[in-house]
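Have a look at these structures, which come just after this line.
Two complexes are shown next, each including subunit A; its partner changes from subunit B in the first to subunit C in the second.
Entry: the complex of A and B
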C-alpha cells in the first residue's frame, strides 16, 4: 500500500499541491487525472522522492519514506517513468538499459541484454537486435524501454507520467495490456494521464486532482467520462460576455485557411481553418500539446506550415504587420530578459521599423515609448532602462500585452496569456484585451484555462490533435467541453 | 557597465597576484618583473610606439571576436580569417605598382576583408544551413588557413628567386602610410580606431545591431519575432571574418610587406582574451588590445632584464580568461543579485518596484 498523507508543496506564488491525500493498493492500477497544472507531476515527483514536500509524508507498506531522495525512494521500491523519454540517442538500447538495475555489479552489456530480453518476453514484447541505437526507434519503443529500465529495479511501485501521450492509437492497446500484466504481478501501478477514456479502460480506481486539491477518488467501474470531466474541470461560470456580443462585427480580421503541419511523422495541425472578426474575442480551448504552440508559431511567422495560409485584414486588404502575437512562454520566446525594457519593445517588428527609420536606432524615441507604455498599462518597473528580468511575472506579461497593443495591430493572438498570473494580474490583462476588442480589434485567445475562455469569448473553439471544432453556446457545459477537449467529437 | 569594467580589473589583479606568488616561489622579484614589463612596454619612445603597433592587429581581431560574440556566435577562428585576409592582400600587393597609393592601400584592405569574410562566411553558412557548431568549424578553418598560407608561399606566391618560403614583396604604392619614422607607427591604428567606432555604432545604434544583440541574448525570442537568424548568422560571421582579414591586410601593408609561414603569432586567439576583458564592448577592445599589446611588447624586455620567459605573459592572458569565465557562473550571478549589483537572469524583484499588482 502506497500512502501519501497531507502533502503540500508551494512553488513561488503557486500552491501546486494543497494538503493532498493519495493511496494506491497492491495489485491495482490507480489513475491520477487532472488538467494541466493540476499538480499531477508534482505529486509524482514527491512520491518518487525527487521533490521534497513542504509538509506531509509518504509511506510504502507501512514504512515511511525519506523525503526528497530519489535514490532512496528507488531503493525502497518506487520507480517513476517520465513524460518524455530520457534516453541517450546515440547509445544502443542495452547501453541505455545498463543505467538501470539489471546489472549493478559491473558493466556487462551481455548480462544486461539477456536479462532485459527475459523480462521483455515475460511482459509480452520484443526488443530490437543487440547493438541497435535508440535514434531510429519509434516513440512507442522508447516508452517501452523507459518502462523496462524502471522495471529493472524490480520496483514495488511503478509511476508513469502521461506515458501514452506520445503513442499512436494502434500502440495504445498493447501498452495497456502491459500495464495489466504488471498489475497481475502484484505491483502498484500509478498512471498519470489526462485522457479519461484510457483511465476508465485500464484503471481500478481513479483519483482526480483539480488545481492542487484532491477532489475525488472513485472506482473506475462506477463512474463515467462525463462525471470525470466535470470533476476535473470543476465549477466554472458559464456566461457569454456582454462586451463581446456588442462589439463583434461581420468584418473578417484574421482568416486562417486549411493549415497542415507534420512533425516527426505526426500530424500536428490537421486542416485547420478559422475566421476571427473585428471586434470579437474568439477562443481556442484545448489540452496543451494539441498543436496550439505550433499554430501560434505559424501565426508569428516563426514556422512555416506544410500547407495552408493565413492573412490578417485591414479594411479588406491583407497585411501581416497588422497581426501581433503574444507567445505562451514569455521568458523564452517573448522577452530578452537581460536587455532593458525599451529594447524588449523593439523585438516586435512594427515597433522596430518605426523606431529604426533607415536602419538607425532612435533610442530616445524608444525610451519615451517605453515610459509611456509603463504608465499607460500601470507596469511596475524601475524604468525603461531596467532589464526585463527585474520585473515580476505579472508585469512581464503586461509588458508583452502593452507591446502588442503598441504595434497598433488589427489582430492580437494571445497564447496562455494569463498562465501563472494572480487574480488581479489576470483581470488586468483581460481588461486590456477586452478594451482592444471593444475598440474594433480582433482577439484570438488560445488557452488551456476553460474558465478564462468561457468568461472572455463569445465564440469558442476546441482544439484536439490539430483539429478545430466550434462549440455552440448550448454545448458549453464543463463535462461536454471536457469530452471535446479529450478528443471525443462524434 | 561599471560592474563589467570592475570585473576585468579584478580579474587582471587576481591574475597578477597569482603570477606574483609563482614568481616569488621561483625566487624572482615580482616588482622587478613588473618594472621590466612596464619599461619594455612604455619605457621609451620606441617601446611606446611599438606597443601601439603590436596592439593594432589585436584591435582588428578583438573586434572580429566581439561582434560575433555579441550575436552568440563563438568565432574562435579570427586567426585563420586574419591569415586568409593577409593571403588575399599579399597576393594582389605585388601587382599594384601602377596604382595611386591611396587606391592601392584601399585595394589591399578590401582584398583582406573579402578574404576574411569568405573564411568566416563559410563557417556562418555551415552553422545556418547545416547546423554545424561554429566553434568547431572556425577552429578547424584556422588550420586550413595556416596550411593554405604554407602552400602559397612554397608554391604559387613564392618569391621569384625561390630562396626562402616567402612571397614577393608588395609594390611600394601598397605600403601603408607611416608616421614619425623610424617608429613603426602607421595608419593602421587609425583604421582600427575607426572600425572600433563603427562597430560600436553598428551594435548599439542601428537596427541590424539590435537584431544581432537580440539573437545573441535570446535566440528563441529572436526567432519568434521573425529576426532572420540564418541570414544574420552568415552575415555576422562574414563581417567578423572581414574585420580580422582587414587586420591581416594592414599587417602585410604596413609591417611585413610580404607573406611567410607562421605569419600570425596567434593574434586571433589572443583576441578572445582581448574581447572578454573588454566585455565585448568595441571601445573597450581598444583599451584591452593596448593592454595586451603592452604585455607582448614588455615580455621581451622582461626576459632580458629578469631572465623570465616571455611565456609568462601567455600564462597571464590565460589566467585572465579563466578568472573572467569563472566570474560568469550562476553562483556569482546569485551572489551579485544578493548585493543588488547588475541584473542576472534570476534577479530578485527589486523592493517596491516590481511586485504584482
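Entry: the complex of A and C
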C-alpha cells in the first residue's frame, strides 16, 4: 500500500498541492487524473522523492519514506516514468539503462544489454541496435526505454506520467495490456493521465486532482466520463458577459480558413476555420496540447501551415500588421528579462518602426511611451529603465498586453494570458481586453481556464485534436464541456 | 639546444596537463571552473611556504594540495549548493587567490628581502637511459610529478569512460535533473569532482614553485589555469587529446624561452604572447566542433 498524507507544496505564488491525500493498493492500476496544472506531476515527483514537499509524508507498506530522496525512494521500490523522457541524449541506450537498476558490477555494458533485451522481450518491446545513441530515436522509443529503465529497478510501485500522450493510437492497446500484466505481478501502478476514456478502460480506481486539491477517489466501474469531467473541472459559473454582447458587430476582423498542419505523422490542426468579429471577445477552450500552441504560432507568423490561410481585416481591407499576438510562454518568447522595459517595447515590430524613423532610435520617445503605458495600464514598475526581470509575473503580463495594444492593432490573439496571475491581476488584464473590444477591437482568447472563458466570451469554441466546435450557450454545462474537451463530439 | 627544448616542453606541459585533467573531471559533471587559476596559484604559494618552513618537499606538496582543495571547496559551496553563476564565482576566486597569496608573500618575505628559495625537487635517476639522444631529454629527465601527470591521463580516461562511477559523473553533467531522478546524487558527484580537481590543480601549482621555479613571485601561475581551460576545449574533452594539447602549449612556451635567449631585437613581450596566441589560434580553428557536456555551466537547483 502506497500512502501519501497531507501533502502540500508551493512554488512561488502557486500552491501546486494543497493538503493532498493519496493511496494506491497492491495489484491495482490507480489512475490519477486532473486538468493541466492540477498538480499531478508534482505529486508524482513527491512520491518518487524527486521533489521535497513542504509538509506531509509518504509511506510504502507501512514504512515511512524520507522526504526528497530519490535514491531512497528507488531503494524502497518506487520508480517513476517522466512526462517528457528523462534520458541522457548523448549516451548510448545501454549507458542510459546502466544508470538504472540492473546489477552493473564490473560495468559490463553487454550484460546490461542482454538483461535489457530479456526484459524487453517479456514486455513485447523492441530495442535499438547495439550502441545506438538516444538522439535519433523517436519519442515512442524513448518512452519505452524509460519504462524499461524504471522496470530495471524491479519496482513495487510504478508511476507513469501521461505516458500515452506520445504513443500512436496503434501503440496504445499493447501499452495498456502491459500495464495490466504488471498489475498481475502484484505491483502498484499509478497512471497519470488527463484522458478520461483511458482511465476508465484500464484503472481499478481513479483519484481526481483539481487545482491542487484532491477532490475525489472513485471506483472506475462505478463512474462515468461525464462525472469525471465534472469532477476535473469543478464548479464554474455559467454566465454570458453583457459587455461583449453589446459591442459585437458584424464586421469580420480576423478570418482563419481551412488550416491544416501535420507533424510527425499526426494531424495537429485539422481543417480549422474561424471568424472573429470587431467588438467581440471569442474564446477557444481545450486541454493544452490539442493544437492551440501551433495555431498561435501560425497566427504570429512563426510557423507555416500545410494548407489554409488567415487574414486580419480593417474596414474591409486586409492587413496583417493590425494583428497582435500574445504568446503563451511569456518569459521565453515575449520579453527579454535583462533588457529595460522601454527596450522591450521596441521588440514589437510596429512600435520599432514608429520609434526608429530613418533608422535612428528615438530614445526619449520610447521612454515617454513606456512611462505612459505604465501609468495607463497601472503596471507596477520602478520605471522605464528597470529591467523586465524586476517586474512580478502579473506586471510582466500586463506589460505584454499593454505593448500589444500600443501597437494599435485591430485584433489581439492572447494565449493563456492570465495563467499564474492572482485574482487582481487577472481582473486587470480582463478589464484591459474588454475595454479594447468595447472600443471596436476583436479579441481571440485561447485558454485552458474554462472559468475565464465563460466569464469573458459570448462565442465559445472547444478545440480538441486540432478541430474546433462552437458551443452554443445552451450547451455550456461543465460535464458537457468536459466531454467536448476530451474529444467526444458525438 | 634540442635537448633543452624537449625537456623544457615537457616541464612546461606538466602543470597545464595536471590542471586540465582536473578541469575535465569537473566539466564532465557540469561545472565550468574558472577558479582553477586561483586554485593553482594558491597551491603554488602554500606548497612553497610549507616546504620553505619545514624543509620537507612532501609537506610542501601536501600543503599545495590542501590549498587547491580549499579553493575548490569555496567554489563548491557557491556553485553546487547555492547555485551561484559559475563564471562569476570562479572569477571571484581567482581574484581572491591573487590577493591572499600576495598579502602573505609580502608579509613573510617581502619586507626582509630574504631569498624565498627551496632546493628543486630531485629528478628521478634513470642512469644511462638519460643519455639516449632525444628520448633521454624527452622522457627520462624529469621529477616524479611529470610522470604522475602523464600517468593520470589513462587513469582519468578509464574512470570516466570505463566505470559506472564515471558514467554517473557524466550523467550529472549531461542532465542533472535526470541524474537526480535516478538517485545518483548530483551534488555529491559534483563535490567529488571538485575535490579531485582541487588536488590536481594544487599539485599543478606546487609543481610551479617546488619543481620549476623553486621560488614564488606574485601571480606565478600567470594564466596557466586559463590555458588549462582552453586545453580541455582543444582536447575536445578527451584525455589523450588533452595531453597532446598540453604538450603543444609546453612546446610554445619552450620555444618562447629559446627565442628570448637568442637575444634578438624583437621585443620579448611578443615572445611571451606566443603560447597564448597559439592557443587562441588553434581554439579558433577547432572550437566549432567541440563536444562539451550538455549541462555545462548551467546552474542546477534541486527542488
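Note that the second predicted complex is superposed on the first by the 467 of 490 C-alpha atoms of A that agree within 3 Å, B and C clash if a C-alpha of one lies under 4 Å from a C-alpha of the other, contacts with A are read in each partner's own complex, and residues count from 1 in each chain.
Everything that follows uses one rule, which is that contacts are C-beta pairs under 8 Å (C-beta built on N, C-alpha and C of every residue); 3 or more make two chains touch, one makes a residue touch a chain.
All values derive from a computational prediction rather than experimental measurement.
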(message) Clash or fit: subunit B against subunit C, after overlaying the two structures on subunit A?
(response) clash
(request) Would you sort A:82 into first (subunit B), second (subunit C), both or neither based on which partner it touches? (result) second
(message) With both complexes superposed on chain A, which partner does A:359 reach: first (subunit B), second (subunit C), both or neither?
(response) first
(request) Could you look at A:444 and tell me whether it touches subunit B, subunit C, both or neither (first, second, both, neither)? (result) neither
(message) With both complexes overlaid on chain A, does A:4 touch subunit B (first), subunit C (second), both or neither?
(response) neither
(request) Of the two partners subunit B and subunit C, indicate the one touching more residues belonging to subunit A. (result) B
(request) Once the structures are lined up on chain A, find the stretch of subunit B hitting subunit C; candidates are 80-88, 134-142, 188-196 or 242-250. (result) 134-142
(message) Under the contact rule defined above, give the subunit A residues that sit at the interface with subunit B and also at the interface with subunit C.
(response) none
(request) Write out the stretch or stretches of subunit A touching subunit B in their complex. (result) 13, 297, 300-302, 325, 327, 332-339, 343, 346-349, 352, 356, 359-361, 363, 378, 380-382, 386-387, 389-395, 421-422, 424-425, 428
(request) State the interface residues of subunit B toward subunit A in the complex, per the touch definition above. (result) 204-210, 213-214, 217-218, 220-227, 343-347, 349-350, 353-357
(message) Considering only the defined contacts, which subunit A positions touch subunit C in the complex?
(response) 45, 48-52, 68-75, 80, 82, 86-91, 95, 98-100, 104, 107, 149
(request) Can you check the complex and tell me which residues of subunit C touch subunit A? (result) 162-164, 167-168, 170-171, 174-175, 177-185, 291, 294, 302-303
